[in-house]
């Protein structure tokens, strides 16, 4: 089962790199924000899988919770900033 | 001849004068009554204000209590340590957070019907989950099919829901379900971005709106689900 | 960035989430000595909850809840707790922040005194970090205007 | 291999499939709003399925309950974030792409 988690995490890692294309080359700021938000959700699952691989779920679950929280607040802040600025 | 006319005229004049005096008296009385009425109304309003002040403080207390109990339950789940030291810390922390933000969680929710609402929510949850699952299959199909048959368009409709909680529920479930994203809400008008024509048509039938109105118990319209419930009860009775 | 948003969705969701975020921050601070996190991380999360409140409810309401002066006082207060515990250890005759000697005051065994001392230090650090974080965001959002100076600095970035 | 592991594997695999679909959608869709469809919906469902799978694997404990809490949080937060970005785009004057127009973005 540990190997299964490992391969799943590696697959998610590849997906993160695919999202990184949109986050780095995406035309405009908004596409970049969308890409970064997608990376955040994938990172959350990768962190949990790491916790299961290392048998320390209680520790990694807190980290992933903080990650989800800060991802949400960061996205809202960026969106609010762009909305107030009025251009992208 | 002239005398009779004169007498009649004076009679008439007296009559008019009498009538005017009566009118004036009535007006005076009514105005006096009106002032007394307004005064009593004022007093009543003052009393009501006082009462609602008491009600408000009671409401605040209730919100505080419910918030702290909820937060303490959340703390127990988070902490997973049951010794006295950590439980005391939990009580202190949940009281502190409830003091800081007790007006945020329940600012305009009626709590009397929470049980009915929870039951209806759990009854409606499988339908929503199924919708979300089918939405994801739809998006996955669109993303993976080589021709990518998307035909995006923006549709707008006015909702009949009233409270902001149900607006938020409707907007978030629109965002989660087939091919649609809530882009904006302006004064009860939803701007929705739809991925193709079919999902736009599906949305405009308003089934989801009815379901959310049913779950959150919005008053003053008739819902399909209520009619169905009544029909079922009637059938069972027969 | 500091005006009240007219978006009902973000405001309502933030209103529901903020108490839980704050409780989570306190959990991270209090359990810092046997799980990841601690004073700094918990303080950052607590500050983030206030930032979310400022973003969604506007500058005025956020000021009513947490003004700049309060933020300054809290940052000094957190630092006072931290350095006070450290100095107490120094007065008791051991090194700075060496909590073992606190056992004579707290009337517990030295190991437990160390745990309690670390907890107190983390609470101090958490309060300081929360206040500093909030005041930094406050300064950036208002463009560095002095507190109470102009009424209309919400319009500057509109 | 006990029963919990066997049950949790399909959940994780379906979740991974939705992650894959969301990422491909993010890369392939023609305009910003359509890309938001991919990330907002696909990622939410994928996180939900993955967390259900992991909590089944963990078994009934407080850790599993915490995983469910993360799922609930994502369910509230992800549509809200999607809505915030799309609203910002609308206020910034991004025109949604209509079928038949040249692809600009």
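By letter and in written order, the chains are A, B, C and D; residue numbering begins at 1 in each of them.
Criterion: a contact is a pair of C-beta atoms (placed from the backbone, for glycine too) under 8 Å apart; a residue touches a chain by one contact, two chains touch by 3 or more.
The structure displayed is predicted, hence computed values, not measured ones.
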{"item": "Selected interface, C-D versus A-D, where C-beta contact pairs are more numerous", "value": "A-D"}
{"item": "Chain centre separation in whole Å, for chain D relative to chain A (CA means)", "value": "11"}
{"item": "Inter-chain centre distance, chain A versus chain B - centres from mean C-alpha coordinates, in Å", "value": "36"}
{"item": "Euclidean distance of C-alpha centroids - chain C vs chain D, Å", "value": "32"}
{"item": "Averaged-CA centre spacing for the pair chain D and chain B, given as whole angstrom", "value": "30"}
{"item": "For chain D, residues contacting two or more additional chains", "value": "22, 24, 36, 44, 63, 66, 69, 73, 76-77, 80, 82-84, 87"}
{"item": "Shared interface positions of chain B, touching two or more other chains", "value": "78, 80, 171-172, 182"}
{"item": "Numbers and ranges of chain C residues touching at least 2 other chains", "value": "7, 9-10, 13, 16, 24"}
{"item": "Pairwise touch network: line, ring, star, complete, or other", "value": "other"}
{"item": "Full enumeration of touching chain pairs", "value": "A-C, A-D, B-C, B-D, C-D"}
{"item": "Touching residues (chain side chain D, partner chain A) in the complex", "value": "1, 5, 9, 12, 15-16, 19-20, 22-24, 26-27, 32, 35-36, 39, 43-44, 46-47, 50-51, 54, 57-58, 63, 66-67, 69-70, 73-74, 77-78, 80-82, 84-85, 87-89, 91-94, 105"}
{"item": "Contact footprint of chain A on chain C as seen in their complex", "value": "1, 3, 5, 10, 14, 21, 24, 28, 35-37, 41, 45, 48, 51-52, 55-56, 157-158"}
{"item": "Chain C to chain D touching residues, read off their complex", "value": "7, 9-10, 13, 16-17"}
{"item": "List of chain A residues in touch with chain D within their complex", "value": "1, 4, 8, 11-12, 15, 18-19, 21-22, 27-28, 30-31, 33-35, 37-38, 41-42, 44-45, 48-49, 52, 57-58, 61, 64-65, 68-69, 71-72, 75-76, 78-80, 82-83, 86-88"}
{"item": "Residues of chain B touching chain C in the complex", "value": "67, 71, 74-75, 78-79, 86, 89, 93-94, 96-98, 100-101, 104-105, 107, 164-165, 167-168, 171-172, 182, 185"}
